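One structure is given below, represented as structure tokens, and several questions about it will come after.
Naming follows writing order (A, B, C and D), and every chain is counted from residue 1.
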Amino acid sequence: MADLSVQIHDLHLKNPVTTASGTFAYGEEFIDFIDVNKLGGIFVKGLTLENREGNPYPRMAETSSGMLNSVGLQNKGIDHFVNVIYPRIKHFDTHIIPNVNGFTIEDYVKVTEKLNELEDIKAIELNISCPNVKEGGMAFGIKRTSAVAATTAVRKACKKTLIVKLSPNVTDIADMARAVVDAGADAVSLVNTFLGMAIDAGKRKPVLATVTGGLSGPAIKPIALRMVWEVYKAVSVPVIGIGGIMNATDAIEFMLAGATAIQVGTANFIDPRVSVQIVDGINDYLEKNNFTSVHQLIGALET
Amino acid sequence: MKRIEDFTVIGHHWLNYENFLIELEAPEELPDIRAGNFAEVLLKNSPGTFLRRPFSIFEVDKEKNSLTFYIKVIGKGTRYLGKLRKGEKLNIIYPLGNAFSNPYHDKVLMVGGGSGIAPFVLLGRQLREKGIRMTFLFGGREKDNILMTERFEEFGKVFVTTEDGSVGEKGLVTQHSILAKRPLEYGMIYTCGPDPMMKAIAHIAKQHQIPCEVSLENTMACGIGACLCCIVETNTGNKCVCTDGPVFNVNDLTWQT
Amino acid sequence: MADLSVQIHDLHLKNPVTTASGTFAYGEEFIDFIDVNKLGGIFVKGLTLENREGNPYPRMAETSSGMLNSVGLQNKGIDHFVNVIYPRIKHFDTHIIPNVNGFTIEDYVKVTEKLNELEDIKAIELNISCPNVKEGGMAFGIKRTSAVAATTAVRKACKKTLIVKLSPNVTDIADMARAVVDAGADAVSLVNTFLGMAIDAGKRKPVLATVTGGLSGPAIKPIALRMVWEVYKAVSVPVIGIGGIMNATDAIEFMLAGATAIQVGTANFIDPRVSVQIVDGINDYLEKNNFTSVHQLIGALET
Amino acid sequence: MKRIEDFTVIGHHWLNYENFLIELEAPEELPDIRAGNFAEVLLKNSPGTFLRRPFSIFEVDKEKNSLTFYIKVIGKGTRYLGKLRKGEKLNIIYPLGNAFSNPYHDKVLMVGGGSGIAPFVLLGRQLREKGIRMTFLFGGREKDNILMTERFEEFGKVFVTTEDGSVGEKGLVTQHSILAKRPLEYGMIYTCGPDPMMKAIAHIAKQHQIPCEVSLENTMACGIGACLCCIVETNTGNKCVCTDGPVFNVNDLTWQT
């Protein structure tokens, strides 16, 4: 067994494989299929200050090697998480990392403060990149000034490791990464979904009720991989790679491009066992190539 | 407990040009399956599809340790399933979703259209054990859309409507003469099929104050409550069709019926 | 037969189906397979002022529902086009639309001027979005000021209908479209390829010699479609839709989103007959839905 | 003139665990095909592949109106082709590329590795008609990589090397004793296989001033000269392997041999 453990600032992960926010619910939905304690971490479904019903149905469209979603941060609000969900999942022997959302900077800060109180939470992911809400979300993440403002405010409020999740819908993701790191991010995760759209040619209508949605899945992998590589070269904090990871080979590609850890998203829908299979697959790769530690992969791309 | 397993195709039977039955043998002893439950099928070698596809469990054969699905060809995924041969493997997550509830008294009506009749064989068997009397009403555009009525005759009387009158009464299910009887005496109406049909039936049920359960077929990405894509609006907020459903009491839905 | 003809400023196309630059060479490569005269137009391979050998091999990587290329504008230069290729293809009974590239604004202007002389050329496509060259190309297309500068200069030099091809690698494509239209573009075409990357996990090396390349194919369709829709709402000039169009249904989706015409790119590699099949497919759709003109589709999405 | 046609699989034969022959019947009378020509095969129902795949034409049977390909399993696409059954259709663009040229005098050597031997059956037949004497030298890692030597014995003598010595001489093709003869008397050396092998052979050819043609297997997106992805550097600039090649005289390439 190779050493798979990695460090994201103060957060020690037993392995680099985590699950992406919004694709793994609160982890409980997967215990019939896998031992979630084998994961490096679980980024749980996006939280907001108040209860949110999210966007109307239909919220999903299948695309070539991908899918669009317009869930729109449906969740029961931070208090429900703190009082009901957290007690239920805190015993997991893996890191639970809440995904923090807001429509104003105040929202972000308030959610962050409530999470400070939770002992078993060691890190939070600040989501300034959700494309499925009209205000807040991606609107913060595609402008340098607002991305910096949100990060600065949350940094001040946050007593945990702060991971900022970047939107890929920008001209210069490296610049964005630099900006949030300068504003206090301990790590960055990328990418969130790409803003996309699907049309039903027969009905001459959009497939999604909200017209546009977020594209995820293997379709976006080449772009996500490029962005991770650019960000890896631009910042000195750990990078968490996300985007179309379907198997261990994909995960290894992201690590070679510079990711210290990775998140498995849409792939959980295709096979709920895949995240744990990726842990095993990375270990197999390391052993086959006579590497003793997963660190030997991080940024090891020969260019 | 949900399972993920590789099943083997042991039967494949086309009913007509667009509907088929596919029987799959389980690798382990089947768990209990209730009427309304569905499965998420991985289309591993199907080009152009990406996500799993949900299908109601049509039939359970404990002796053969098999599940049967009744599938209508809609697009790429169902077309692929239509071409599978015996011996091929299919990865399946099951049993998923909730189930139909028992009726408040001993006479029920089941209204189905298209592949919406799929859950009614299991439901029929379940209710027969309880001694419930059942009536079935199936609708379709034309004769070709009315299939397997004989499967239901063992449970109760089967009525049919077609829009072109090629079999049964002419018109929509909602116009069938059995629904014109006064009083309409059913302890429950169960319905599954196209949305407009279900809504019209729900409307009739409401008028007659008959409890009504619908089985929804919302598009799903995961089927296990992880993505929140499959929601339906209820009086207590959005609910997942895959975990809180697919069966809902229409009174809980915000449907304008 | 429905009326398929569309107008892109002064350019009259017999139908909305054209082929994308760099995926159809100069059209001659396809005459064994189809009657190219049935097309609305052919956007020919990107031209530069001088001969260019392009980037080193390997230049191609297959990805999920797409491909990366890093051809890098290999071509024999504008004079070769004017003297050798143009005489060979000008008799085609379809519009030949050169794709104009440069590394400086001067380059763009010079190429444009040489094309002014060619009688049978009615329009040019200004490519400020090639991701595969170090200088020029996309560097122009992702910054508002340089996009405007290039368009303004070429507009001044250009006696033909001027189509500006936009890069999707930007935060706000509608803003970019507005900028180039204000600077004199008669139409915009989008999208060019997305900057992406592929890694060979076994060799721990990039697949492409240039590390990054341009992503095309159905993988990008949802994003391209969204961008066309955003641009259609933002500008009043015709929009030409590009990105992962594989069949008539895809083409119709782009037209519903607001495209007056479309370009078929990567699909030509999968089936060299596809462009003409799309012409027929659009006609079938119109007849089936009792439309008399393809104009009834443009921007007809019900939202 | 290039064609695009739907062929039918009429033969499929595994040579060992990773190599197979697939025979395809043409829908129309086959055109003339020259040694070196290749085809671009559409993998329509293969999940996970997107572009066509290029393969050399291994055999042409005018009577059966069929083409045969000799394929080594490399990844998804070749694995898919390995699973095809008789009767299935494959869309093919062919004949593509240039051809081997005739030798300057009547004795030639063909050096192949792996699936690189594919074009040599047609070349053998072509040269036999011209009365050329041929020698074949095939190399591989082990016995399993040396296949179908008997197919070539009708054209000339066949020599073999394997890295583990399990068949033929032990070592690389370049170390085979027939290449140690002085003077090396061939009017032409033809080679196709892994890049390092071709480069080493080209080096030997150069030393002995023997003309040498290589058939390249660059990755291709279109195969018809439309994408410019498949280029190789030549003394007169980048050339497309799919249209200017796949056969090149090594003297035209900028290879450091």
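Following the convention adopted for this analysis, a residue touches a chain if its C-beta (ideal position, glycine included) is under 8 Å from a C-beta of that chain, and two chains touch if they have at least 3 such contacts.
Values in this document were obtained by computation on a predicted structure and should not be read as measured data.
A.B. asks: Take the average of all CA coordinates in chain A, do the same for chain C, and state the distance between these two points in whole angstrom.
C.D. replies: 34
A.B. asks: How many angstrom lie between the CA centroids of chain B and chain C, rounded to a whole number?
C.D. replies: Centres of chain B and chain C (C-alpha means) sit 47 Å apart.
A.B. asks: Could you tell me the distance, in whole angstrom, between the mean C-alpha positions of chain A and chain B?
C.D. replies: 36
A.B. asks: For chain A, jot down the residues that touch at least 2 other chains.
C.D. replies: Those would be 61, 63-66, 217.
A.B. asks: Of all the residues in chain D, which ones touch at least 2 other chains?
C.D. replies: Residues of chain D touching two or more partner chains: there are none.
A.B. asks: Think of each chain as a node with edges to the chains it touches; is that a line, ring, star, complete or other?
C.D. replies: ring
A.B. asks: Pull out all the chain pairs that touch, please.
C.D. replies: Those chain pairs satisfying the definition are A-B, A-C, B-D, C-D.
A.B. asks: State the interface residues of chain D toward chain B in the complex, per the touch definition above.
C.D. replies: 44-47
A.B. asks: Please output the residues of chain A touching chain C within their complex, sorted ascending.
C.D. replies: Of all residues in chain A, those touching chain C are 61, 63-66, 68, 142-143, 169-172, 194-199, 201, 204-206, 211-212, 215, 217-223, 225-226, 229, 244, 249, 252-253, 256-257, 285, 300-303.
A.B. asks: Any idea which chain B residues touch chain A in the complex?
C.D. replies: Residues 1-4, 42, 48-52, 91, 93, 218-222, 224-233, 237-238.
A.B. asks: Which bits of chain A are touching chain B when the two form their complex?
C.D. replies: The contact residues of chain A facing chain B are 22-25, 29-30, 32-33, 45, 51, 53-54, 56-67, 69, 71, 74, 217, 266, 268-273.
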